[in-house]
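Data first, discussion second: the structure below is written as structure tokens.
All chains are identified by letter, namely A, B and C, in their written order; residue positions are counted from 1 within each chain.
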Amino acid sequence: MQAFSCLEIGPIFRALSRNKVSALLIALQIAVTLCIVVNAVHILLERRAQMARDSGIDEANSFYISSTGFAADFNQQVTIQTDLDAIRALPGVKDAMQINAIPISGGGWSMGLQTQPGTEFDGVGTAVYMVDEHVLQTLDLELIAGQPFQDTDIRWRQGTQRDWPAQTIVTKALAENLFPDAQYQDVVGKTVYINDDEPILIQGIVDKLQAPWVGWNRVENAMLSPEKTLFSTSTYIIRTEPGRLDELMPKVEQLLADSNKGRVVRGMRSMNETRERSYRRDQAMIKVLSTVMITLTLVTALGIVGLASFSVNRRRKQIGTRRALGASQGSILRYFMLENFIISSVGVLLGALLSLGLNVVLVESLGLTRLHWYLLPIGMLALCLVGLLAVLGPAKRAAAISPAMATRTV
Amino acid sequence: MLTMQELTKTYRTELVQTHALSNFNLQVEEGDFVAVTGPSGSGKTTFLNIAGLLETFDQGTYNLDGENVRGLSDKARSRLRNEKIGFIFQSFNLIPDLDLFDNVDVPLRYRGFNSAERKRRIERCLELVGLANRMKHLPSQLSGGQQQRVAIARALAGEPRFLLADEPTGNLDSKMAHSVMELLKDINDRGTTIVMVTHDPLLAQQAKRNIYVKDGKVSELPSLTTAAIFTAQAVNAD
Amino acid sequence: MFSYYLRLAYLSIRRNPILSALMVAAIALGIGASMTTITVNYLMSANPIPHKSQQLFYVQVDSWDPNEPAEEPNEPPDQLTWTDATNLMAAQKAPRQAAMASSAAVVEPPDQDAKPFNAGIRLTFSDFFSMFDTPFLYGGPWDAQQDANKEQVVILSRETNDKVFGGENPVGRSLRIAGRQFTVVGVLADWQPVPRFYDVTTGAFHETEELFMPFLLKQALQLPNGGNTSCWKTPEEDSFEGFLRSECVNYQMWVELPDTQTKQDYLTFLTHYVNEQKALGRFPRPLNNRLSDVMQWMENQQVVADDAKVMLWLSLMFLTVCLLNTIGLLLAKFSGKSSEIGLRRAIGASRTALFYQHLVETACIGLAGGIAGLLLALLGLMGISSLYGEFADNLTSLDLNMVVFALLLSLVCSILAGLYPTWRACNIAPASQLKSQ
């Protein structure tokens, strides 16, 4: 085989050089295809990885709902207590609480924490969740160090209040961001400053809780603030027993709507739906890119099939003559496969350069990350295979041409 | 009608130079029917291509119907081909997708006649070759002789003064060849000048005038003995 | 001659149906993919108010933290403080001006059976409607006096009017919003600028609000903050008023400045204003005022999503592949016609004539590809719309411009793709193909 190939390569090259343009076109197509496919796969893998991140809460069994009072006699504080007592008493509800923002939902509150007081120091950005003593159970958090909130820790926060409770629980990621040199266990008991100089004691560390903004580079930074809010709209997050979410969502909505007519109950949504909405663009991008890659590869493959068929048809007589002169079917097949392989190789080599170039452009203009090196050889190999597969059909038809073709006119 | 003086045409490849024509001289009068014979590689085809303005030449002069064609632009040459020259090929060269009407129509389109004029000419030419009733047939539905008749009709459609035929009967059996030959003679009788290239001395004898090309030059007429040898070979080949 | 070429093209396409179909498919896919992304990008970067986008300016003043800019490199905050918004409005230094904010409140329809609902509110000034040429279905804007008097007047979106008043003319009727009685003064006809340029701080492609009411009611009725609120400094007191007086930004402002002179005057005024405030101890950063016209502001706010740009680039490369494909297939196709071309040359067709003939053929294929590509683009846009849901609602419609553009693009692309193969085909020497093999 090896020796045979060496014998064949010379004539193939000479034949190719007579059909430079067609060969070059195929090679270019393969190159651009590789360039698109490799970069698309790269973006796709990156998005996948982002979407696979865990928000930290029991998404499958959680949902939330908001209530806005409008009646003149509407009492926010009483309503919240009544609502929470009623929701928690529902069979199938594992736990529930009021919260000011929903993880990964897109809207929330952020603050800066700093380890030294003073306006001249930079803070570390973090999401703020205002929660009560039910937080660990409701959000399915694990307290990996320190103390949980007690009901006596929880205060009421007025709509325009500026100061902060004296203690907080932070995520492990935030603890490590605040004190890069310390073990996270040792961060318990440390004081950090909010609003430049207002001290807060870190009383506990939880394993993981994502911020509301999935595109934020500090999405793992979150702090829990022990307070219930008296804002115009109040949001409850509810965690159900496994599998009872669908049953409980309408029940809770009904309960809230019936218990107090002086408010609007709205915005009920499961965490699954929230995740779907928050990552919708990424999901969409993945699908678009996949479609583009598949159709593009198909177009390139069809182009190869079209040109190969054509070149086989044009050389029918020549192939018949070769067969008549003793070429085996295998050698005709090999001739076309080898021809295609040479073109593909040139294409993928060119494509590798193009891919790196496009990646540099994407990195610089749109802030994407660098290409993983292993995508290139995989892509090159895959496209060579696609090329060989595409040419297989026409090559087989060429091999099947009868030696009698040699004696036919026209 | 056609005057070639000291024509030279050389083909160059990387390794060799071939003198296809060298110091080629020929004069064809209006209304003549000239048969050009000669062995393979003698320059017959090159002569025909140059005479038909399909190829250019290196040196010498060529006057067609009083016009020196040397250095004419592609456009002018195309126009001359279209208006003054009709071609008949050995393999007919009909366009397989077009029916007879449209095949004969091809040169008229490039001439720019209006549709009534085109129709009149096409019908008359197909009538002349005896195929007026098959106008809507495709070439593949005809026999070889009929196809060649269509090709002749196409060549005549533009009413050229000058008809170039390249082995017009080469792909036909002797009966069909005979009828095509009769058609050509008929056309010549009506005043069209014909130059026919052939390797068949029997066919050549039917022309008014014979010339013999060898090594890219017009030779003296071959002796009758040579003609006889050719005839014998031709008979043997059959 | 053109119709003759058309007929020849038809015959030629029919002779090689598979090759021709491959070409049409390749062009269609390329056009389909690129038209989908071009449309999305076109709509994202569309000028939402073309006739006066260069006379409308977004106002920015740098009231931010002395230690760091609102955004690198030295960008002023993208919104105003309450103090600045109300001061600039009170100055009335532009021919037209409107500060604005977003908020929300519960609407209680007069029909007792209809459920109260939460509605998005745009708080603004009467100039908003004349500046942005909002179309009115009923009534019209409130006036400057009503702005100053903080009158409880409201303009409804068409949808809200349909919902609350069943689509009837509600002008003069009363509506309970945020627990107060409001008088309806107008109903907007359908109005959805794309992008929703007047406030892009929470996303550029949101729906317009359900209610519009005077800006100063925010203070009078203590309406909640919508949109983004950013503070570099904690408010100095715990009250609604305290928040309004703080350095927190939550308000946008547009001015209409018809010519460079008025623009220059307004910039001078802003400088003057900021210096005045500096004297009062505010504005610790160096002078950094901005007036951006609509398109500049859209550019500044990076309204065109990066994903859309990536898709655009990829789809243009996709189109390139499809064109390379078409060039290859055309080469193959035309080289199969070399004997016919040789014959036509012999019979007297000039190169030009043959060039046109083949160009017409390519253009036919291109046009067929373009039409098929348009259908694919429609499909693609439907796909984008279903994938992106409400994010892309206003971004996935093909307008006439885009249809014409798509057809032109496919025509130009196919002719470009056809040039080289056609040129090669027409350079076949007339004599070369006439001998039988």
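A few points about this structure:
What we mean here is this: contacts are C-beta pairs under 8 Å (C-beta built on N, C-alpha and C of every residue); 3 or more make two chains touch, one makes a residue touch a chain.
Values in this document were obtained by computation on a predicted structure and should not be read as measured data.
Chain contact topology: the protein chains form an open path, each linked only to its neighbours in the line. The interface with the largest number of contacting C-beta pairs joins chains A-C. Among the remaining chains, B is positioned farthest from chain A, on the basis of C-alpha centroids. Put simply, the C-alpha centre of chain B and that of chain C have 67 angstrom between them.
Centre-to-centre spacing of chain A and chain C amounts to 26 Å, using the average Cα coordinate of each chain. Look at where the CA atoms of chain A average out and do the same for chain B: the two points lie 73 Å apart.
In chain C, 436 are the positions where the chain touches two or more neighbouring chains simultaneously.
Residue positions of chain B in touch with at least two other chains are not found. Of all residues in chain C, only 18-19, 22, 25-26, 29-30, 33, 67-68, 104-106, 108, 115-118, 178-179, 224, 234-235, 237-240, 242-243, 305-307, 309-311, 313-315, 317-318, 320-322, 324-325, 327-329, 331-333, 335-336, 383-384, 387-389, 391, 420, 424, 436-437 touch chain A in the complex they form.
For chain C in complex with chain B, the touching residues are 1, 4, 11-12, 14-15, 339-340, 342-353, 429-431, 434-436. On chain B, the positions that touch chain C within their shared complex are 45, 49, 52, 54-55, 74-75, 78-83, 85, 87, 89-91, 93, 95-98, 106-107, 109-112, 154, 158, 166, 171. Of all residues in chain A, only 21-22, 25-26, 28-29, 32-33, 35-36, 39-40, 43, 68-72, 119-120, 122, 158-163, 195-196, 231-233, 263-264, 266, 277, 280-281, 283-285, 287-289, 291-292, 295-296, 299-300, 302-303, 306-307, 310-311, 313-314, 317, 358, 362, 365-368, 409-410 touch chain C in the complex they form.
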